[in-house]
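What follows is one structure encoded as structure tokens, with my remarks underneath.
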Amino acid sequence: MELDVVSDLRKDYINRLFSERKRIDGRTPEELRPVAVETGVVTSACGSCRVKWGETDVLVGVMVEQGTPFPDTPDRGVLVTNAELIPMASPYFESGPPRPESIEFARVVDRGIREAKMIDLAKMCIKPKEKVYLVYVDMHVLDFGGNLFDAGLLGATMALNSATVPAKRFGYGEDFKLPVEHWPISITSVKIENGLLVDPNLDEERVAEARLTVTTDENGDVRAMQKGLVGKLSFEDVQSIIKTSQRCGAELRKRLKLGAD
Amino acid sequence: MIMGGTQSEHKLINADGRTRYDGRKFDELRPLSIQAGVLKRADGSAYVEWGSNKVLAAVYGPREVHPRHMQNSARAIVQARYNMAAFSVGERKRPGPDRRSVEISKIISEAFTSVVFVEQFPRTTVDVYMEVLQADAGTRCAGLTAASVALADAGIPMRDLLPSVASGKVEGVVVCDLNKDEDTCGEADVPCAILPRTGEFLLLQMDGHLTYDELMQAMEYNRRACKIINEVQKEALRKKYSIITLENNVMKEEKPAEGRPEDRDQIGRPPESRLEPAQQGGA
Amino acid sequence: MDEDEKEIMEDNGGKAGEPPAPRDRGKGPCPPLPTPVGPKDEVWRGRGTQDGSCEKPAQPGPEGTGGGPTEGERPKGDLPEGQEPERGGEPGQMPEGGNPQPYREGRYEQSRRDGGGGGRGRDRRDGGYERRDGGRQERREPGRPPDVDRQLVLPGDDLGTHVRGGFGTYKDGESVYAACLGIRSTRDGFVSVIPLSGKYIPKRGDFVVGKVAEMTPSAWVIDLNSPYVAPLPGSETPWDAQFGEASKYMTVGDTVLVEIRDINEIGRVSVTMMGPNLRKLEGGQTIDVDATKVPRLIGRGGSMIGLLKRLTRCHIIVGQNGRIWLDGTVEDVTIALAAIKKIERDAHKLGLTDAVAAFIEGMRKELDEKRAKKEAGDDAREKNAVLQDRAERLEVQEEE
């Protein structure tokens, strides 16, 4: 039984606040929550990053193994993205096989990395048709405070950006930095009755009608999008959200000096 | 215990016959630090760094049991779940519980069922989660140690905090608190959890080969180490819950664990790390 | 084909989950056993109960029933219109006897004070539901401060030998130990521990703010911000709800103010909405705080909650279960919510009442300044718009 019933009272309050351009946590509708990142936190991983995005806390680890390539791409490495919504992160996460939410989360982040061509998988080939590097991105959600997509992708991007391929361990020469060429960032917005809010916190996510995650690269070009929840988005909503994602994405990139060459 | 053993490339006990290869004496613990109350959503939480172990523990409860048929009308059930993150060991571990994790979860549940006053909360569950983020042998001990602190942090009534450690035998010498190499290449491993006040064992396992005397010595090392670990557990909780004393009359602000961005007290004045959106034009 | 649907062939020898390779069981010289340290400090002390089951904690004396926020002035009889049933709390510092109390009475050994007897009211098992004011008065003279040690204790800490253990403690042999993390408190010969965190466990007579979580054919199921939920049957409401029509009166998500009638040994809770001021709460907002902070939120004699209501101009109801309902203008509610969160965070600090008053004042000033700026900005924009409009008309005129 869902004990935490989102009453209409909460929805009302959020909408009333919005008409005064305010939010429960004091932000304006266009403001992101405070974001803090730290890379290299797990030394057993090839690359890692912990992201504290508002009250959401995600730890991403990158592991590089070796294996056989897929038959249809014999000379390219493999990228696998996985998400664990571990039960400690929220009273509503249960143990067990991955739920649709966790699968969608992993796939949206994966799409951002893949479509932004963050890693040139052609460079991850050891011996065509026989051996390639397998890059695993594992996102471990430690504390769920709303909006996993953005925190997850940021963690993945920064973990990959700071990862080392352990070639020595496999006997393929010296270790080398994982070659990264683009830096995707996603910014998610939600639609509530009275308007749009960027970077929803837990309460806002719960009362939202629709959600749109937009992943951009360092040039502001759009690489991936995902609409969520059952409500509808107008064309203007979509335009507005894309612009917000570009703006907030650029600012976040600047602050974190991502891809600043 | 770590999977996939390989022979270490060096001697584990030094030539001086008194120290181990990492410099520790035979009865010395690895560096250990604990922080209480590190997560927002969980009712209680703790983070342990022990040697190179990094383990996070969280507690929810007492809360309703789902599915209903699992509830016990006379008391709370304690459900511990030990899990290793995919990136926590040298080779990526496939996510999800494996048989080893299931066994460890079970014995830790049993240990806590004995310590928690479960009769106080019939028909509920106390869920204890332990995530190994980085592994360096003794992860179940680190997890249990952290979970004890998390339980106290959640306000769950217990008889005592429960410390846990694993001693063993390496190159013929009984030593305290095995690290990864020692565990992988050693001759025996004795993890345990001991109630500090009474010295009773709530978790005890052994694998390897020890004579009776060697086993007694390992258990003595465990007992002594648990006393020290217990002090670290207490210190972690005291630090989080420190109270202003009357004599000082000065508000001692305890910094939130791990430097989380503080809640804002006043509308309109964000902390430094906040992004300022473009003023004009908006989205 | 999706990447993750294909089989990934990994090249690692040892797969996760397999038992480790058997170890080299070498034999080596065995160093001598260490000499035992000190007298047998690990000898198992005899315990109170023979079967090794947990020693039930002794119960504290009549007042404060381990955990009710110590009853100060409790309203007797019907409450005047518009007043919420509240409980006084203890002075400025740590709250005395915070609710929740994990130790439910009725099951355990009750240690009674001389003449203490039925002070609690709960153990009068005359059936039916007890009025709260039945025998829960404070026993000590008003004005005398309690002996509060204010020391932080942890589970397993020794609280003394040959003392009487109260709330939050347990006995083993002759000594009393802390059972939970909290503040040690000695009063009237009982040593107890006031918990600093923990879930709300319903107690008879408590007024709580609940939410309808589910509806069954015979009752509304109320979420109490507790591990236990309570059914609210139609018979315990003033409505004559027919089967199938119940949602007309109240439905999932609604907020209610109810009283705990009883909680039995297996944690089944019954509640009622029959009573003065008990009702469905329309409109407003709820916020959940740690139930252990409720006494602090109410303050001694209601001082803190009174201050909050006055300065925020909100209608506020504090449930013993840590759930608070409030109503007011958007601005006032925002300020009230922030103030409540501050109290929860700083519950242990001295001078909190003054700090909260200053905090609210500060917020008001800031909001006023913001509003003034906005209005000035609006004025400026309006002026600009008018000027612009005039300029355009002039242009048009010129062209013509």
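Chains: A, B and C, in written order; residue numbering restarts at 1 for each.
Rule of thumb we're sticking to: a residue touches a chain if its C-beta (ideal position, glycine included) is under 8 Å from a C-beta of that chain, and two chains touch if they have at least 3 such contacts.
Predicted model only: the values in this text are computed from it and were never measured.
A.B. asks: More C-beta pairs touching across which pair, A-B or A-C?
C.D. replies: A-B is joined by more C-beta pairs in contact.
A.B. asks: Taking each chain's centre as the mean of its C-alpha atoms, give the chain farthest from subunit C.
C.D. replies: Result for max centroid distance from subunit C is chain A.
A.B. asks: Between subunit A and subunit B, what is the gap in Å from one C-alpha centre to the other?
C.D. replies: Whole-Å distance between the two chain centres: 29.
A.B. asks: For subunit A versus subunit C, what separation do you get between their C-alpha means, in angstrom?
C.D. replies: A distance of 35 Å separates the two centres.
A.B. asks: Indicate the residues of subunit C shared as contacts by at least two other chains.
C.D. replies: 12, 229, 334
A.B. asks: Subunit B: which residues touch two or more other chains?
C.D. replies: Each of 63-64, 89, 91, 263, 266-268 in subunit B touches at least two other chains.
A.B. asks: In subunit A, which residues are in touch with two or more of the other chains?
C.D. replies: Answer for subunit A, listing residues that touch two or more other chains: 1, 3, 22, 65.
A.B. asks: Inside the complex, what are the residues of subunit B that reach subunit A?
C.D. replies: Interface residues on the subunit B side: 39-42, 45, 52, 54, 56-58, 60, 63-64, 66, 81, 83, 85-92, 95-97, 127, 129, 131, 133-135, 259-261, 263-264, 266-268, 270-271, 273-278, 282-283.
A.B. asks: Give every residue of subunit C touching subunit B within the complex, in rising order.
C.D. replies: Residues in contact with subunit B: 12-14, 16-21, 23-31, 33-34, 37, 41-45, 53-54, 94, 102-104, 150, 152, 154-156, 168, 170, 172, 177, 179-183, 195-199, 201, 227-229, 265-267, 292, 334, 338, 341-342, 345, 348-350, 359, 362-363, 366-367, 370.
A.B. asks: Flag every residue of subunit A that touches subunit B in the complex, lowest number first.
C.D. replies: The touching residues are 1, 3, 22, 25-28, 30-36, 41-45, 48, 52, 55, 57, 59, 61-63, 65, 82, 84, 86-91, 95, 97, 136, 138, 140, 142-145, 196, 198, 240-241, 243-244, 247-248, 251-252, 255.
A.B. asks: Quick one: in the complex, what on subunit B touches subunit C?
C.D. replies: Within the complex, subunit B contacts subunit C at residues 1-5, 26-27, 43-44, 61-64, 73-74, 89, 91, 93-94, 98-100, 117, 119-124, 152-161, 171-174, 184-188, 195-200, 208-209, 211, 213-214, 216-217, 220, 223-224, 234, 237-238, 241-246, 249, 251, 263, 265-269.
A.B. asks: With touch defined as at the start, can you tell me which subunit A residues reach subunit C in the complex?
C.D. replies: Touching subunit C: residues 1-3, 5-10, 13, 16-17, 20, 22, 24, 65-68, 70, 72, 78-81, 106-107, 110, 114, 131, 134 of subunit A.
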